[in-house]
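In the two assemblies presented below, chain A is common to both, partnered first by chain B and then by chain C.
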Partner chain A sequence: MKAISKTALPDLFAALKGRVYVPVREGKGFGFAPWDGEIWPADYQNTIVPPKQILFPQTEDLYSFRMEGEDIAIDPASGPEEPIFIFGLRPCDHKGIELLDLVFRQGPYLDAPYSKRRDNTFLMVLGCKEGLPTCFCTSFGLEPAFAPGADWNMWDLGEVLLIEPGTAKGKELLDGLELFREATEEEVSQAKKLRDEARETITLQAPVEGITEGLQENFEHPLWEEVARKCLECGACTYLCPTCHCYDLQSTSVLGQGKRFRCWDSCMYCNYTLMAGGHNPRPTKRERVRNRFLHKLQYFPENHGEFGCVGCGRCLQNCPVHMDITRFMAQAKDVMAK
Partner chain B sequence: MQRITDKMRKRAEELIAEGKAVRFLGWEKGSFWWQSPPVEIKEASQTGRLNWDLFCTANLAKYLQQMQSAEGKTGVFVKGCDARGINRLLRDGAIDRDKTYLVGIPCPGMIDPDKVRSLVGDGEVTITQTEEGLSLQGPLGSRKVALDEVALDKCLTCRHPEPVIYDELLEGAAREAFTGDPYEEARELEDLGSDERYDYWAKELSRCIRCYACRNVCPACNCIQCVFDMDRPNWLDGATNLSNNQVYQMIRFMHVAGRCIDCGECERACPMGIPLRKLAAKVDKDVNELFGPFEAGLDPEEKLPLGTFDPNDPDSFE
Partner chain C sequence: MTNELIPQVAKVVAVRRETSDVKTFTFRGEGGLPFAYMPGQCAMVSLPSVGEAMFSITSSPTQEDMEFSIKRVGLVTEALHKLTLGQAVGVRGPYGNGFPLEMLQGKDLLFIGGGIGLAPLRSLINYCLDNRADYGGVDIIYGARSPQDLVFTDELFERWPKVEGVQVQTTVDVGDETWQGPVGVVTKLLEELNPDPQGRIAITCGPPIMIKFVLRTLAKLGYQDDQIITTLEKRMKCGVGKCGRCNIGGKYICVDGPVFTVAQLRDLPDEL
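Right after this comes the complex of A and B.
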């Protein structure tokens, strides 16, 4: 385990060859922004928008086209991109990216823009000292102050950050820079203590046991209608979710030239999966709200063997009418047991 | 608070039993100290879920739209802003007065959880009302404050804390109505040069993620189909960029011009912290200056400044 003084962080950021994202104050909370040599990483808990937007931008050009006489010329949008370093993401957001990897980077079809960016991304996870009241990561088997498989895990000991590499490239980077010293035994035990104590600060629990099996049996349960009544069908929960990954393909063209791009889409929207000809397989709020919960708690486990929720609590915090997935799970288990 | 909660539960139970309402919309206690989300009560036996405290911020008027197709009357508890929302929907022909039963609650103003957090922290927080104001206890200590020190900004400038339409009114003390200048912040922005003002809004609106929380929570946004949800024609594509975000917010605020009831729900719902009430205030100020003094949502039959022809209207194209 290595240590670096926090005052040396600008030296670290400057030494990294690529674009470095750090948490900064933004709006009424925090967000990730490229380090510009000036800004200092904020002491934050959870950013409002998760770092998924760095790897899977809300809007992304795919290619442009233009008429050349009788022909159409097509130019791919993405050129070579510089490596990405995300400094200070939390273990839940690291897990969120691992889950996006399952969707975009596995199986026969790779998502080219995502994969290309992800292959070149280095994740520097900062353990939480204390969860927010809305955090429930431990319910999904996560640890608030340790992310298995992260390039780096870091712990904030006040004056210094302790760093432990978790991958070969993490070790290579740590060994390759002369900014670090060996951590003392005392510091290592402090980090371990922080890690153990952080777990105790997560008080909110979601009842995950048997939820997938229960939901599989209750696709038409009247509970869906009841739960959906309160929802306003905005997209805040989905856009702020670290694992939601739906997008729409759109294009614009003016005077013989245009572009094809993708942008985030939300299953809460009335035109989501609306088909040519006007058919919508999810015609009302009931089907749309059901889809969001089932995607996290049933479809993701069925398709990938893992829950599609990491317990970051952003949806609980930001829903205008306080829809609460942990309450939903408790309610669902309750009615399904009857 | 408890007295009003008890009264709410009792009246909802009685009204459902008497058949004056088939269901009731109110608020219940949420998962955390700072949440009192909307709840729909469908049986007299469920009225115990109803709760009144200083977090009953959500405007319930909008929910009446989805009740229109349901059988029977819907009872609704209304604060000042909910009541103006009801008038908005009635005036726009979006709901039927005969299908609603309104129980007014004089509103003391609601709490901004962030203001409480900044004083006593988050987590185990308890708020008790005392004769002087509020007593806050949290992980960072205890504080005694006046409600206005932690009230939502929108409540501090509320001109109608008393409901303006109801079938019956519960007893209670409303906050003092704001009589100051509602356009102070709009004026401050007007006083900036046009470049500075552009930069200000460019910075704010570049953060918009187009989750449409501001639109979906708005009682004036009651169109059955919104222009931004259309794909043929596709008036605005889904790309989030400054230009598109500006178009979205400008069109929305022009559409609610002279109809916005200043419930401030757009700003509260915005996860990105965009100061949307300032845009609303600017539009409202212009409507007032161009078409004479007007406050929306005070009367279900109000003549809308932008919906009524008057030969004396200013004609700046002359």
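Right after this comes the complex of A and C.
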């Protein structure tokens, strides 16, 4: 394990060859932004928007086009080239990226822009000291202060950060920079203590066991109507979710010249599944809310063997009408027990 | 790594009017066929300044060219219907699983189509007729609202009935003074024909209401769920199982479908 003084962090950021994203103050909260020479904020618990937008931007050009008489000229957007360093993401968001990897980097088709960025990304995870009241990562088997498989795991000991590499490229990066000293034994045990204590601060729990199997049996149930009733279909939950990956493809054009881009979409929107001709397989918010919960808790596990939720708590923290996936899971559990 | 979401450019080399709101387009890429495909697979067709939509490929891979039969129902199809010879479109694919050819080999085949739903079936019908020795008897039942709404009339009335072992029956919901064939829904013809389920696979595509009644009739005639194949459609954007919207349960119609047996559909939630 290595250690670095926090005052030396600007040296670290400057030494990283690529674009370095750090958590910065953004309005009343925090968000990830390219490091611009300022010191990073130490007092954030988590960012409002997850770092998924660095790898899967909210809008992204795919190609530009030009109508030339009868012909169409298509010019693919140039892909990202620079290495990306995401410094200080939390273990839940690290897991969120691993789940996006399952969608975008596996299966018969790879998502080229995402994969290209991701292949060249370093994830430097900072362990949480204390969870928020809305955090429930431990329900999904996550640890608030350790992310298995992260390039780096880091712990904040006040004056210094402790760093442990978790991948070969993470170790190579750490060994290649002369900014670190070996951590002392005392520091290592402090980090271990922090890790153990952080776990105890996660008090919100969601009943995960058997939920997938239970939901498989309850696609038609009056509970869906009840759960969906207060939803405003604003889509905030999906935009702030570290694992939501739905997108739309759209074009802008003027006089036969324009570009095609993709942007985040939300299964909470009424026209998301609306077909030409008027048929809508998910016509009311009952079906749409059901789809969102089932995607996280049933479909994702069926397809990838993992839950599509990491317990970051953003959806419940930011819902204007206090929809709460943990409460839904508890209700579902009750219903399924009957 | 190529970006699957970027289309290649193809040209319209033929346009055939099928009905007042259906046209069949032939597209050719720079090197001929835009890409190889199998019957039942789909492709994204786009006019970049308007939009992009998923269509089943109606030609058979045994043919030289790639054809799409497109019904005018929305923004993209409205613009596509204005295409003229020589104009360029974007096309990408193929997408989806296609028909389970191995399962069909050596079997008698029963095709039941309604309206524009004959488009994906036509790909498989022509594929089977071009590989005639691999399949048993072929029965085709097709229905449309009126004689004016029949698509692929050349094949229905001329080409297919001439092939040995092929029977074609066409019906319309409402006839007119020119129509001398049967009048009524396809299920009526199906019951009259009563094809023996033994060694036969039924493949159906059409409007949801037709499919519903066809499945009911097939069950009545003794067909098992794993003997019946249908194809589904949903709104799609990516075609590669990532943009999210075409799922039924955990299955994405663009990748896991569009072709399913009824037995497979029984395992999925009812969200058609």
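Worth pointing out:
Here, the second predicted complex is superposed on the first by the 331 of 338 C-alpha atoms of A that agree within 3 Å, B and C clash if a C-alpha of one lies under 4 Å from a C-alpha of the other, contacts with A are read in each partner's own complex, and residues count from 1 in each chain.
Going forward, a residue touches a chain if its C-beta (ideal position, glycine included) is under 8 Å from a C-beta of that chain, and two chains touch if they have at least 3 such contacts.
None of these values were measured; they are calculated from a predicted model.
Look at chain A after the overlay: chain B and chain C fit there side by side. Once the two complexes are overlaid on the shared chain, A:180 sits clear of chain B and of chain C alike. After overlaying the two complexes on the shared chain, residue contacts for A:293 are found with neither chain B nor chain C.
By the touch criterion stated above, A:26 is placed in contact with chain B alone, chain C being left untouched.
Of the two partner chains placed around the shared chain by superposition, chain B and chain C are both touched by A:265.
Using the contact criterion defined above for the overlaid structures, shared-chain residue A:274 touches chain B and also reaches chain C.
In the superposed model, more residues of chain A are touched by C than by the other of chain B and chain C. Contacts of A:224 after superposition on the shared chain: neither chain B nor chain C is touched. Of the two partner chains placed around the shared chain by superposition, chain C is the only one that A:109 touches, whereas chain B remains out of contact. Of the two partner chains placed around the shared chain by superposition, chain B and chain C are both touched by A:248. Once the two complexes are overlaid on the shared chain, A:256 sits against chain C while remaining clear of chain B.
Once both structures are fitted on chain A, no C-alpha atom of chain B lies closer than 7 Å to one of chain C. With the contact threshold set out at the top, residues 248, 265, 274 of chain A are in contact with chain B in one structure and with chain C in the other.
Chain B contributes residues 30-32, 35, 37-40, 58, 62-63, 66, 114, 122-123, 207, 209-213, 215-217, 229-231, 234, 237-241, 265, 268-269, 271-274 to its touches with chain A in the complex. Across the interface of their complex, chain A is touched by residues 1-7, 9, 11, 48-53, 73-77, 86-90, 208, 233-235, 237-238, 240-250, 255, 269-272 of chain C.
Every residue of chain A that touches chain C in the complex is listed here, in rising order: 62-63, 65, 67, 70-72, 74, 76, 79, 103-104, 107-113, 115-116, 219-220, 245-249, 251, 253, 256, 258, 260, 262, 265, 267, 272-277, 279, 281-282, 287, 291, 294-295, 298-300, 302-303. Residues 26-29, 48-49, 58-59, 132-134, 204, 229-230, 232-236, 238-240, 248, 250, 252, 261, 263-266, 269-271, 274, 316, 318, 320-324, 326-327 of chain A are the ones that touch chain B when the two sit in their complex.
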